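Each structure below is given as C-alpha cells.
After this come two complexes, each holding chain A, first together with chain B and then together with chain C.
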Partner chain A sequence: MNNWLTPRALNWQLAALWAAVLPHLLILPLWSALMLVACTGVRIQIYRGIWRFPPWYIKLALLGLLWLGLLYSFDRDTLMRGTVALLVGGSAFKLLEIHTRRDALVLIYLSYLLIAIQFLFEQGILAGLCALIAFAVVMGSQVALFDPRLRAPLPSLRGTLKLILPALPMMVLLFLLIPRIGPLWSVPLDTGAAATGLSDSVSPGDISSMTRSDELAFRAGFDGPVPTNSDRYWRALVYSDFDGRSWSLSKRLGPVLETVETAVGRYSYEIIMEPSHRPWLPVLDVPLSVQGADLRGARQAVSKSPIDKRSSYRVTSASRFELQSVLNARSRARNLAFPTDQNLQTQALASQWWRESEGQLDLFIRRIASHFNQSFVYTLQPPLLGANSVDQFLFESQRGFCGHFASATALLLRAAGVPARLVGGYQGGEYNAGAGYLTVRQWDAHAWVEYHDPERGWVRFDPTAAVAPERIEQAAEDLFANQPGFLADRPLSPLRFTNSGWLLEARRAIDAMNFSWHRWVLNYQNQQTDLLRSLLGEITPVRMALALLIPGALIMGFVGFNLRPRRSKDALVRAQQKFERVAAGLGYRRQPSETFGELARRIKTQYSDSSPALDLLAFIEQRMRYSPEEVDRAELIRALKRVAKVLRLESMRVSRRNALAGLKETKERDAGSTGR
Partner chain B sequence: MSVTASLHQAAEDTFNAIESLLLGKHEQVELALVTLFASGHLLLEDLPGMGKTTLAQSLSAALGLEHQRIQFTSDMLPADILGVSIFDQQSSDFRFHPGPVFTQLLLADEINRTTPKTQSALLEVMEEQQVSIDGEVHRVDHPFFVIATQNPQTQFGTFPLPESQLDRFLMRISLGYPSAETERDILTQGDSRGRIAAVRPTLDRSRLLAIQAECAKVHAAPDLIDYLQRLLQFTRDSEAFHTGVSPRGGLALLRAARARAWLKQRRYVVPEDIQELLLPVLSHRIRSADERSDLSAQRLVSLLLDEVDVIR
Partner chain C sequence: MLFARRLKGLYREQRARWVARRHPEVEQQRIDKRRIYILPTAACAGFVLLLLVMLLLAINYENNLIYGLTFLLVSVLLVSMVHTHNNLRDTLVTARGYEPVYAGEKTRYRVHICAPEHPVVGLNLTYSGGQVSVLTLAAAEDATVELAAAPGERGQHSPGTLKLSARYPMGLFRAWSYVNLKQLAWIYPKPEPGGVLPPSSAEADAALTEVVGNEEFSGLEEYQPGMPLGRAAWGTLARGLPLQVKEFTEPVGDSRWLRWSFWPELGKEERFSRLCYWVLRLERENRPFGLELPSKTLPMASGRAQVQAALLALAQEGSEIRARRGDRDSGADE
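This part shows the complex of A and B:
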C-alpha cells in the first residue's frame, strides 16, 4: 500500500502539473504546450493500461527533440525563458516515468518550483492569485498522494490545512521582519532589452516610427496636492552634449548640484518604479530632495544601481523654483557648444531671430513657439532625416515628435548664444482619484528643453506644447488613440477599449489595487523600516536578530510541542513504546498486525542470547491479553522492560563482536598482503 | 485422557486422514475443518477437477457422517432438493418424501448453475436448519454441513449468488492448483478417490457435536474483541471498502476464530486466529469501493492488516 498510486492521486498530479505550468505556457512557444498535452495523453493511456511505459530510446529521442526545440526557439537574450521551457519539458517527460510514490513526489516538487519561477516574470496580483490557486492544487495533490482514503474525489482538506496552518504565522513573521536584501545575483530577464521610453541619447532624425507602448513606467502616490496635467513634467535625464545629430548625456556631469534658490509649491510623493534596467529615476521638476537615491549634477535623480526590480523612492519637489541663477563658465560653455559646421541654415535662422527679437530672450522663445505653431505637424511617423537633421526638420519635413522639436529648439537657443539643454523624461500621467496616485506609462515619455535665463536660472520650455498643446493638456492615450503608432505592438491591449465609462472606472480600480499590492506587498520596504522602528526603536543587528529569533522560536516551539511524541501516563504503554523503540533500532519494526509476543519471536531468530526473555514476553503477553486467566499487568511491564534491556545489551555485544571480527579480518588481510 | 484431550486427538486424526487424500492442501483442509467445527457452511470456488469432490467425500468419510450430493442444473426445482409430499392411496394421506437435503453432509455441486429460486431454497435450509413444505416443518438433522462448490463466475451459463446469500457461507475458499512437487506425487499415486472408501471414520456424530460445543466455548478476551471491532469498524470507515462488514460477518469471524483456536488446542482466541481467517471469512463479504481498480479481497485484507493496530 506504500508505493502505488491511486487513480485520484494520479488525476491530482496531472492537475497540479498543469496548474503550475499554465502561466508559463503563455510565454513559451507553442511546442512546449503540445509536448505537455502529448505527455499527459500518453500518461492517461498508460494508466488505463492501453499503452506501456515508453522504453529508454523513446525517452532519449524525446529529450533530443526538446533540445532541438530549445535551440530553435531561444537564443542568448531569451536564456531565462529557454531555461523555463527546459524545466517544463523535463516535467512533462517525468509524467512518462512515474511508477512509484517517490517519482510522483519529484513531480510535485517540480511543480512547486515552477510556481515560484512564475514570479520572475510577473508579480502582479493576478499572478499572485494564479500562483495561490496552483499552490492549492499542488498541495492537494501532495496530500492525495498520502491519503489512504481511496474513493473521495477531493484530498482531505484537514490534511492540507494541517500542513499549511503552522506555516502561516511563520510566513507573516518572515514577511514583516526579514530585511529585504538586494539580489545576490541578477537574472537576465528578457523583458529589459528594449522596452523603456528613455535612452542615454536622443537622435530624432534616425527614427521613422515611434511605437507607443502602454507598459507601465512608474506610479507616484502623493501625500498632499497633486500637480495639474500641465505641471506633470517628470524629469529623468539631462542631455547636454550635442554632436550635430544626437543629444547625449554629459559624461562629465559632476556631483555638484545645481542649487535651487527659491522653491514654492511643494509636492511630496513616493514613486514606485517599474524595472527599467537603467539607473535614472524620473522626478517631478524640480526635485529638492530624494530618499533612496542620489541627486547628481543638473539635479538628475540616479539610483546606485540599475533598476532591475520594482523599487520605490520618496521625493520632494517644487513646482515654482529658481534653479542655478548664476552659471559658471564651464557649464555655460558646455551648454552652448554645438558643431558649427552642420545645420548652417538653423544657425542662420537663430541669429536672424535673435537680431529681430533685439536680444530679448522672451521674444526669441515666443518666436520659436510661433514658428512651430505655423506649419509644423506633430506625428509619430516622421520621415527619416539626412545629415543636417535639424535643418531638414525645420525647413523641409516639418513633421516630428517631441524629440524633433526639443532638439531643434535647443540648437536654435545655443546658436543664438543662450545656454540650453535637452531634458528627457515623462510628461503627464493618469490620475486615479480614488487611490490618489498617478500612473505614468511608457507612452508618456517626452523630451523638452531647458534654457538658462540670467534672471530666472534654468527655465523649462516645451516646444511640443506650441505645436500640439493637446499633447500636454490631455492624457496621452486620448491624444494618440488615432495615431498609427499608438499601441502598435499591442493589438489587443485592454487600454484600447477602456477609455470611457465604467470600463475606465473598472480599469482604474484594478490599477489602484495593483498599486497597493506593489506598495504594501512587493515593495514592502519603507513601511517595513517604519514598522521595525516603531517596534524596536533603533534598529541594531542584535535587536533585529532578537525580533526574528524570539517569535520564530515561539512558533517552532509551539509546533514542536504539538508534534512531540506523547509520553503516556500508562506504564504499560510506556514499556511497550520502549520495547518498540529498541526493536526498531535493531531493524525490527513492529507491524500493526503484530503483537509484542510475535515481534519478540521474530527478533529471537537473530538475537538468540535474549531468547529466554523474548519467549517469556510472548508467553506473558498472550496469557495476559487473550487467555481467561487473570494476569497482573505488572508482569507484562516487567517482561517488556527486561526484554528491552537484554536486547540492548546483546545488540551491543553483537556489534562489538562484529567490529572485532572486521578488524581481525583487516589485519589478516594486511598481514597476508605484506607476507606476499 | 480427558474428554477434551481425546476430542483433540480425534480432530487431529481426522485432519491427518483427510490431508493424506488431498495432497498439499494443508491449509484448505484446516479451513474446512474449522468451518465444520464452527457449525458453518463452506463455499468452494474453483475450476472443475481441483479436488472439491474429493475434499467433500473424504470429509464425510472421516467424520462418519452420512452424505448426499446434489449436482445442480439449470432446470432443477426446489422440490428436487427439499422433497415432496405425495398422496399415498393406501393411507389416504400425504406422505413427505424427503429430498437430498435431509442428510448430515451435503455436497452441493455447482450451485451457481441453478436458478436463483432453487438456490434460495437451499440457502434457506442452511440458515434455518429446517424445511417447511405444505405448512409442515421438517427439521434437518444436526450436524448439518453444506459444502457448496461453484465455478468462477466468468464461465457461461451461471447465476451468480447474490451477496446476501453468499453471507450464509462461513467461508469461501479455493483449492487452487497444486505445487509442482505435489502434482508429481498426485500423478504418481493416481486418483485418490479409490482410497476414500478405505478411510475409517475418526469421528462420529456425537463427538462432532461435542467438538462444536467446545469450540463455541473458547474464550475471547476483551482485548481480542476490541481488535475485532476495530477491524470491522475500519471496513466501514475506510473509503477502500464499498460497504462495511455487517455484524453478522463479525460474528462469523469470531465463530471461526474460536474453532481455529480450538483446533490449535488453545482455550482462547489470539489475534493470529482472526488474522489468518480474514481472507476466507471476509472475501465474499467485502467488495472494493473502486470497481475499476484491481483491489482484490486479498488487497483489502492486507490493507486491514496494515492499518489496524492489534494492540492499538
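This part shows the complex of A and C:
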C-alpha cells in the first residue's frame, strides 16, 4: 500500500505542529523554540533533497541535549511545563523521522494533545478561539494524509471544515450532557506567579501593594437583589491575634462556628473565584451557608484545598444579622488580648476616652470616628512606622489606609475592654447591570473592625469610612484616580483610559462576556445539574441516554442526509433517469453501451401501443446525436417525459390485465374442481 | 503455529466462499450503500487512546475546555465515519477485458471506474493476490485502470473478487466493497525454449511471398488488445486519432508445421510451453507456420492474426469453456 507522504502532506505536517506548539512557546524556555526552529529547518532541507535523514547517533545526541535542557530549566514545581517541553521536543525530533503515514499520524496525535494541554495554562475566550484554529489546521493535516489530490491549502481547509462544522452541534450536545466526575487522583499544577490577595497576617502597610492592582479577585452573580455599595463587605479572614505590630489569624480557627441569631435581608449568589492559591473564600458579610466550602470559626468560608484554578461556590448571606451575642470566656479573652508593654500612648488614650464616654460603647465608637475625621489623611503611600506602630500612627504620622485605621481602632477597643478583632476581605465591587453580577478586583481589598456589643453581638465598624466616606460610597477606581499610587505600576493599564463613556460600556460588555464564559464554559459542571434538571425534569439514566441518543441520531442523520446523492441540476439528465427507471420497472435495463434511442427501439418490439412515443423518442435521440444543433434540448426532454408517462400507463394496464387473467384462471379452476 | 496457519487458511477460504456467495458475477456494479462494509482501522485505535488520555486530563484537572476538545474529536470521529462510507457510495464499476499474458506472469485485467456526483478519493483497487492501484476521481469523472491479479496457469483464468477500499478522509475508518466481475482471461502457456523443429513438407510454402514482419513499414492498423505496444503509433494518437499500430512487412522465410506429436517425451503442459516458444520464435523469424493440436488445426499462415490464433488455441486446448452461474442468471437481469 502506498503509505509514503506526499510533499503537500508534509507541508501540512509542519503547519500543524507549529499551530499546536506556538502558544506553548510563550511559556517555554527559549531553547525549546530554537530546537523546533532547527528541526523544522532540517526537515525542509531534507524535503528539498539537500540533506539526508540524520543517522541514529545524531538523534541520540539530540535526545541527550533535550534531557539536559529539561533538567536545567525545570524542577518539581514546574513539572507540568517540563512535560510540555518534553512533548514539544519529542514532536520536533519526530519531524526528523517522518517517512510514512503512520509516523505522520503519531505527530498529528501529539499535536492534538498539545492543543489540549494548552488549556491547562490558559482558558480565556481568545485561547479557546486560537485553539480552534490550531485544531482545524491539525485536522487539515490529517485529511491531507489520506487525500492524494494536490490542491491549494484553502480548498483543503474547506474540506476540513465540512468535517468540523457538523461535528460542532454534536460536541455541544456531549458537552452539555456528559456528566462530570471529580478528579481520579490529585494532579500537580504549576503554582506559577507568586500568590496575590489576602495574607494570613496584617501589619499595616501590607495591603498597599494589593490595593493598587486591577487584577480580578472574583465575580459574584446574584439570583435576586444585589446589595448596595455600602453593604458590599466581603468577609474572608478574621484576625484575632495581635502581637503589638501585626494581626494574625487565630492559631486555632476553633471548631465552634459562631451562630447567626437573627438574619434579615437575604442574598443568594454564586462566586467565581480567580486562583488565589489560598483556601480562603470571600463571602458577603455575613454568610449563612456555603455550598462547596466549609464555614468555620468566625464565619469564614474555607475551601478544602488552595484555590489554584478558577472555581466557584454558592453562598447565602444576610445583610442585617446578630452574630454570637453571648461570648464565651475563652473567645472573650482572646479578643481582648494585647501586649501591654507596647503602644502605651494608645492604651492611655483608650482609657481616657472610655472614661469620657462613661462606659457607653456607642459614644466610644463615635469618639474614635470623630477623631479620625479631624486630621487623618487617607493615603496609599504611608510612611514606614517604627516599634510602637499604633502610637506612631495615631500621634505622629496620622496618614495611612484601611489597615492602619482598623488596626488602631481594634487596639483602642481592646484597651478599653471591648472585645474586638480585625476582618480582612474586600469592600465594594463594580456592578454590571446587563449581566447582573459584581466584579471585585484586588484594589477593593479592605480591612475593617468587628467589636462585640453584649446586646447586638459582633458589630461591624469601618473606621476608614470616618476618614474618607467617599471610599464606601464610590468604586475604588473613581476615588483613586487622582491618587499618585493608584495604578502607578501599570501606566498602560486599559483601566486608565476607560473611565467614562462608550469605552466603559465596551469594557463592561467584554467583562460580561468573560463572566458568561467562566460561568457556562469553564465552570459548567456547577450549572450542569440545574440545567439538566430544568430540561429533563428528574435526571435518570434512561432520560440521559435518550437525551443523548435522540439529538445525536438527528445530527448524524442530518450529516448523512447532506451527503446523499443529489438530484441532478440538468433537466435532461433527470428526464433520462426517469425514463431509465420506468423502463427498468418493465424489465428493460439499459446496457452500458446502449443509447436511450436504442433502448426505446428495444422496448417498442413488445409494447406496440406505445410505439408512436417510442418512435419519436428514438428519432429525436438519433437526430440529437448526429446533428445536435438542429434539435432543441427541450424537445428531447419532452419526448423522454412523454415516453416515461406512456410506459408507466402501459405497465399499469399490463399488471391489471395480468391480475384479471389470474383471477379468471383461478375462478375457472375453482369452477372446474367443483364441477368434477 | 501450523494449527494457526491452517486455521487462517480455513478462515480465508470460508470468507472467500462467503464473499462469492454474497456477490454474484456481474458485468457492471454500482456500489450502493448496502454493499459497503466499514470498520475502524488501527489508526482509529490510536485515536481512541488519544481521546482517553485527553479525557483523563479533563477529568483530573476538571478542565471543561479539554472536555470540549475531547468531545469535538469524538464528534469528528463520528462524522468522518459517515464521510468514509459516503466516499465509496454509488461508484460504478465495469469489467473491461484483459491483457493477454503467459502463464506465470501476473494477469492483467482492465476495470472501468466511474465516480458518482461526488469525488471518490484515495480508492484502492485490488484482486486477491494482486497489486494495489490507487485512484482518485473528481465528481462524475471516469477512468480505466489495469489491475494486476495473481499469476495463473495456462487456460482460462478468473481474477476472483475485486475489492475496492478507501480510508478518506481521516484514515480512522476503512470502507470497502466487493465486486465479482464477469472477467475471464485466456492465459497462454509459458514459452519454454528447447527442442528442434523437424523439417516440414514444402507443399504449403510456395503460395506466400510476403508476410507481416518487422522490416519494412507498410501502413497503420487500428489497435486491438494484445497487439505489441512497442509498435504503437504514438504520433497519430497525439493528433487525436484512435490508437493505431504500425504494420511492417518482411520477406518470407521458409514455413513450418508445429505439431502436438513432435515431442512425445514431454508432459502435456511442457508440450504447450514448447509449442508456444516455437510459435513466438517463428513469428520473430517471420516464417509462416501451421499448428496442429488434438482438437484444432490452424492452416499455414503468418502474421499477427496467425500468432494470436495460435496462442489462443494453445491456451484453450484441453479446457472446456467454464459454465458460469452468471450466464444462467443473466436472463433475469435483462
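Keep this in mind: the second predicted complex is superposed on the first by the 343 of 676 C-alpha atoms of A that agree within 3 Å, B and C clash if a C-alpha of one lies under 4 Å from a C-alpha of the other, contacts with A are read in each partner's own complex, and residues count from 1 in each chain.
What we mean here is this: contacts are C-beta pairs under 8 Å (C-beta built on N, C-alpha and C of every residue); 3 or more make two chains touch, one makes a residue touch a chain.
Just so we're clear, the structure is a prediction, and the values are computed from it rather than from any experiment.
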Which of the two, chain B or chain C, is in touch with more residues of chain A?
-> C
Figure out whether A:576 sits in contact with chain B (first) or chain C (second), or with both, or with neither.
-> first
Of the two partner chains, chain B (first) and chain C (second), which one does A:594 touch, if any: first, second, both, or neither?
-> first
Regarding the shared-chain residue A:67, is it in contact with chain B (first), chain C (second), both, or neither?
-> neither
Touch check for A:395: first (chain B), second (chain C), both, or neither?
-> neither
Considering only the touch criterion stated at the top, classify A:7 as touching first (chain B), second (chain C), both, or neither.
-> first
Considering only the touch criterion stated at the top, classify A:53 as touching first (chain B), second (chain C), both, or neither.
-> neither
Can A:627 be said to touch chain B (first), chain C (second), both, or neither?
-> first
Touching A:619 in the superposition: chain B (first), chain C (second), both, neither?
-> neither
Footprint overlap on chain A, where chain B in one structure and chain C in the other make contact | 1, 148-149, 592
Taking the complex as given, what residues does chain A use to touch chain C?
-> 1-2, 101-102, 105-106, 109, 112-113, 115-117, 119-120, 123, 127-128, 131, 135, 139, 142-143, 145-149, 159, 162-164, 166-168, 170-171, 174-175, 178, 180-185, 187, 189, 309, 521-525, 556, 559-560, 563, 565-566, 568, 587-589, 592
Residue numbers on chain B that touch chain A, as the complex places them = 219, 221, 223-224, 238-240, 267-272, 275, 289-290, 292-293, 295, 302-303, 305-311
Given the complex, residues on chain C that touch chain A span 27-28, 43, 46-47, 50, 53-54, 56-76, 78-80, 82-83, 86, 89-90, 94, 116-118, 121-122, 124, 132, 134, 136, 167-171, 333-334
Using the touch definition up top, name the residues of chain A that touch chain B in the complex.
-> 1, 6-7, 148-152, 576, 591-596, 598, 622, 625-628
